[in-house]
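There are two complexes below, and they share chain A, which is joined by chain B in the first and by chain C in the second.
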Partner chain A sequence: MKLELGYINIHDIQFSNESKIENGVLYVDKAAVEALVLEDEHIKTVEVDIARPGESVRITPVKDVIEPRVKVSGGGGMFPGVISKVDTVGSGRTHVLKGSAVVTTGKIVGFQEGIIDMTGVGAQYTPFSKTVNLVVNCDPVDGIAPHEHEHAVRMVGLKVAVYLGELARNLTPDEIKTYETCSIKEGFEKYPGLPRVAYVQMLQSQGLLHDTYVYGVDAKKIIPTLISPTETMDGAILSGNCVSACDKNPTYNHLNNPVVEDLFAQHGKTLNFVGMIITNENVYLADKERSSNWTAQLCEYLSLDGAIVSQEGFGNPDTDLIMNCKKIEAKGIHTVIITDEYAGRDGSSQSLADADPAADAVVTGGNANELITLPKLDKVIGSLLPIDKIAGGFDKNMLEDGSIMVELQAITGATSELGCNCLSAR
Partner chain B sequence: MAKIKVVQYINQFFAQIGGEEMADYKPELRQGPVGPGLAFNAAFGEDAEIVATVICGDSYYNENLDEAKATVVEMVKSCGADMFIAGPAFNAGRYGVACGSICEEVKNKLGMPVLTGMYVENPGADMYKNSVYIVETKNSAAGMRDAVKKMAPLALKLARGEKIGASAEEGYFPNGIRKNFFEKERGSKRAVDMLLKKLAGKPFTTEYPMPDFDRVAPNPAVKDITKATIALVTSGGIVPKGNPDHIEASSASKYGKYDIEGVMDLTADTYETAHGGYDPVYANADADRVLPVDVLREFEKEGKIGKLFRYFYTTVGNGTSVKNAKGFAAEYAIELKNAGVDAVILTST
Partner chain C sequence: MKIQIITNNPLVAQKLSEEYPVHYEPRSYREVLVAVRDLIHQGYQLYSHPLSGSVKPNETPYKSVFLSQKPGKLDLDAVRIIENSIITCDKFAVKFPDPPPDMDRDFQLLDLTLLQGALSQITT
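Let's turn to the complex of A and B:
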């Protein structure tokens, strides 16, 4: 499978009476976007705003972040099975509005929604302080159940991203990146001397607002399977969850999965990137056993020499992570896991809820319990009201001078278990 | 600003008094730097100076531990210094143990910041790395320059009470306290690099060494459940409506103990969940789904169990560190035991 990503570099977003892209500026017809959002009968009010890197702006509670993209050729459309028809994606050409993102916020759904600061110390921890963000701040109709609310806002974010992506359909990209996977047979023939490596991505599927969708299928209901890494670049996997903001994978990170990128960077040079296995993180023990057995089995079928396993969330999924690692290692396949830590505010606690000596190669995204004080910023998009309730907040965490004390877990993407960031811990 | 005053502890060998034959040398206090102190003074520049040096034989220290500690502490105290450095001891075993031990003693008795350095295989490293900062050095005195280069800046930070970075940044042995810092490469790249090393059979360093996991063997079955007092404990966050003790939705710093005397059923009007890790709709509609008071009351009535204990204990498991959770349980387990509870049903979510 061969996919070309055509980057249209966006350095600014501005409101205008017409939506278009010119000279790296994304012009947005605010009224058109708001009308699009209000098509959803579950949404009562919407306000669209812009947050630029370096501005004194805080966005909270953040639900999802999505990168605008459009499928130009190769069949299928963005977010297959959800927004577009369920055709197989991952080949041809996709245009990307690089440097921009759609951020959804508004009344809190559950507790586990995050903070994006565009400046100050908090900005160092979230990858989305570096993108120009079109923020869709919407509130649902009264009396809506949390899961309906989550669904409505999720769809809004995707629709707005697709609307913006469409503007780039006929543009000439500033840069084109090509990603090509080969079949099992081709891989053996082309790279006989290179170690065979796959990426095992664990998808959040604990349920009750902790869900991920694959071609529209709730990941709770999948058994581990193979997917081409290029399919993820066209939105085959998307986030529908309210896990703690720091280590959930927003849709943006599924589209730009850094493990996929960094394995592709070595593909054909130091390793043979055989492909990608997706598995889930269900809460029942039988599901955990089945999925980890199956994952290890798939690794063996692919005759792998090595695997990288990434996690999403923490606590309960730590057991899935350790099961996967232990069982893949037991097949004689070298494994590296990517996780983050809950070592307590003082860092003195055991970091994971499970452990095994087989997990001897761990990359960590840092201790999510570590406290951080975020300065008062001039503007808030969304609401500070839930700041003591979101995961990582606590009673009376708004200080007198307007600054906010939170654990890092409240910051969107701070301790990414896809390895998006440089943050680590020792 | 006045120069920071440092006292250094070294052994008979580094003081050029002698080798093994002089290892019984009793503690001696000299003014100014001796031996490695000169290199430290050079590294400190205008910021700090070694004002005095304590010299002690390795055998003397280890064979007369209490006396040696007391004498050295008195000597250090008399100098009125701001900072204490011992060694570096490299791979000298008894010297390393003495350095770790005297640092711990000076820290505890005088409340002074302390620092030592030694080789990873020095037994003193394992013994003291969790109680004092120990910089990792090479295995022989040939690594003195390198050791001073790492120890001097860390000593200054410690003396000034500045924030100490992660072990990987500052060069000290990991001490069980996890600290965040920014690596040069993003996590995914580090994972790929680590895997390539692992595949090639080359040495690599895990960023999180697996702890010894605390697995608890189940107790034997309750002999006669129809006579047993059963308590309910949950990490599912069930609390009286309004969450009176403000138990956090995630990363709980506390637990609650609530009286359920006479409560037959948890209703939407009386109980809810404080847990922020799942959609609370179903737990709020009927908290018995998480904390099964209703069923246990039925069992009580039918004589299937002795009785339901009068209180339940509750916290939020979501994002709560293992250490906090263990601490809560250690407290209320004693209460449960003292109250004559025979068995506990622990529910999670």
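Let's turn to the complex of A and C:
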């Protein structure tokens, strides 16, 4: 499979009476976006706003972040099985509004989390302080159940992203990046001396408000399977997860997975990027056994020398992570896991809720319990009301001067287990 | 497969008691885990992960776990999982000793639906 990503660099978003892209500025017809959102019978009111890097703006509670893209050629359309027909994606040309994002916000459950600060200390911890964001803040109709509300806001975010992406269909990209996978046979023939490495991505699939969708299928219901990494760049995997802000993978991260990016960069040089396996993180222990057995078996079937396993979330998924690691290692395949830590505020507690000697190569996204103080900002998009209720917030955490103390877990993307974050030990 | 549910969530007791044996007691999150640990020590099989949900232990007051109805052979993997779960729980301070009613309702609902999701996966 060969996919070209054509980057249309966006450095600003402005409201206008016509939606278009000119000279790197994304002009948005606010009324058209609002009308699009209000097509959903579950949405009562909507506010559309812009948050730019460096502005004194806090967005909270954040649900999802989506990068606007459009499928220009090749099969299918963006977000197959959800927005577009369920055709196979991942080949041809896709245009990307690079530098911009759609952010959805709105209180779905009382303790929902997710803070994006566009300036100050908090901005240093989230990658989405560096994108210029169109923020869609929705209120649902009365009496809606949380899962219906989540579904409505999920669809709103995707629809707005697709609407904006469509503006780039006929533009000439500023930059084109090409990603090409080869078949198993081609890989053996072309790179006989290079280690064969695959990427195992664990998808959050615990249930209500903790879901991920693959071609529209709830990942809870999948068995581990192979997917082309280029398919993920066209939205084959998307987030239905609106809790666990620091280490959930917003849809943006699935589209821009750094593990995939780096493996492609090394493909044919230091390793042979054989492919990608997706698996889930179910609550039922028999599912964990089944999925980790199957994942390890697929790794063996692909004759791998190495596997990189990334996690999503914390706690229950730590058990899936360790099961995957143990079982893949037991096949004689070197395994690296990517996780984050809940090591207490001083960092001295046990980091994961599970462990095994086979997990001897670990990359961490950081300690989600680390405490930081966010300054008062001039403008809040969404609502500050849940700020003491979100995971990582706590009772009376708003100080007299308007600043807020939170653990890193409250900040969207702060300890991303895909490496989509800003923390480093370097 | 015959199961029993250990819970401190009144909504679970209300919704699932007709279908399953539900052992409901109004106690802390940690106390639920300890009760589950004691059953595992007696040979009951653990079927759902005790740390289900990304809302952290003690941030939500509610926890529901399901196990076998009858004891069998001691499962050392389950012992490891429950012990690590209790260690993890102790890392988080009780956040909302008295959550406001709307939030309390959401916590109960989330715990119930995660449990129902896991129950729906039972194939034997």
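Here is the rule we go by: the second predicted complex is superposed on the first by the 418 of 426 C-alpha atoms of A that agree within 3 Å, B and C clash if a C-alpha of one lies under 4 Å from a C-alpha of the other, contacts with A are read in each partner's own complex, and residues count from 1 in each chain.
Just so we're on the same page, contacts are C-beta pairs under 8 Å (C-beta built on N, C-alpha and C of every residue); 3 or more make two chains touch, one makes a residue touch a chain.
Fair warning: this is a prediction, and the values are worked out from it, not measured in the lab.
Undergrad: After the overlay on chain A, what do you see for chain B versus chain C, clash or fit?
TA: Superposition result for chain B and chain C: clash.
Undergrad: Touching A:Asn367, do we find chain B (first), chain C (second), both, or neither?
TA: Touch status of A:Asn367: first partner only.
Undergrad: Check the residue A:Asp346 against both partner chains and state whether it touches chain B (first), chain C (second), both, or neither.
TA: First partner only.
Undergrad: Using the touch criterion from the header, give the chain among chain B and chain C with more contacted residues in chain A.
TA: B
Undergrad: Which of the two partners, first being chain B and second being chain C, lies in contact with A:Pro146: first, second, both, or neither?
TA: In the superposition, A:Pro146 touches chain B and chain C alike.
Undergrad: Is A:Lys220 touching the first partner chain B, the second partner chain C, both, or neither of them?
TA: The answer is second: A:Lys220 touches chain C but not chain B.
Undergrad: Once chain A of both complexes is superposed, is A:Met202 in touch with chain B (first), chain C (second), both, or neither?
TA: In the superposed model, A:Met202 contacts neither chain B nor chain C.
Undergrad: For A:Asp287, select first, second, both or neither according to whether it touches chain B, chain C, the two together, or no partner.
TA: After superposition on chain A, A:Asp287 lies in contact with chain C alone.
Undergrad: Report for A:Val160: first if it touches chain B alone, second if chain C alone, otherwise both or neither.
TA: The answer is neither, since A:Val160 touches no partner chain.
Undergrad: When the two structures are overlaid on chain A, which partner does A:Thr319 contact: first (chain B), second (chain C), both, or neither?
TA: Touch partner of A:Thr319: chain C, not chain B.
Undergrad: Is A:Lys248 in contact with chain B, with chain C, with both, or with neither (first, second, both, neither)?
TA: Touch partner of A:Lys248: chain C, not chain B.
Undergrad: So which bit of chain B gets in the way of chain C here: 81-89, 279-287 or 333-341?
TA: 279-287
Undergrad: For chain A, which residues lie in the overlap of the chain B contacts and the chain C contacts?
TA: 110-111, 146-147, 206-210, 243-244, 314-315, 342, 344, 349-350, 353-355, 369, 389, 391, 394-395, 409
Undergrad: Touching chain B in the complex: which residues of chain A?
TA: So the residues of chain A in touch with chain B come to 110-112, 124, 145-147, 195, 197, 206-210, 243-244, 258-259, 261-263, 265-266, 270-271, 305-308, 310, 314-315, 334, 336, 338-339, 341-357, 359-370, 389-395, 407-409, 416-426.
Undergrad: In their complex, what parts of chain C are in touch with chain A?
TA: By the definition above, chain C touches chain A via 46-49, 51-57, 59-60, 78, 80-81, 84-85, 87-88, 91, 93, 95-96, 99-100, 102-103, 105-107, 109-110, 113-119, 121-123.
Undergrad: Spell out the part of chain B that touches chain A in their complex, as residue ranges.
TA: For this pair, the touching residues of chain B are 166-168, 174, 176-192, 194-196, 198-199, 204, 206-214, 246, 248-251, 253, 276-282, 317-324.
Undergrad: Going by the contact rule set out above, which residues of chain A touch chain C in the complex?
TA: Per the touch definition, chain A meets chain C at residues 109-111, 146-147, 204, 206-210, 220, 241, 243-244, 248, 282-288, 313-316, 318-319, 342, 344, 349-350, 353-355, 369, 389, 391, 394-395, 409.
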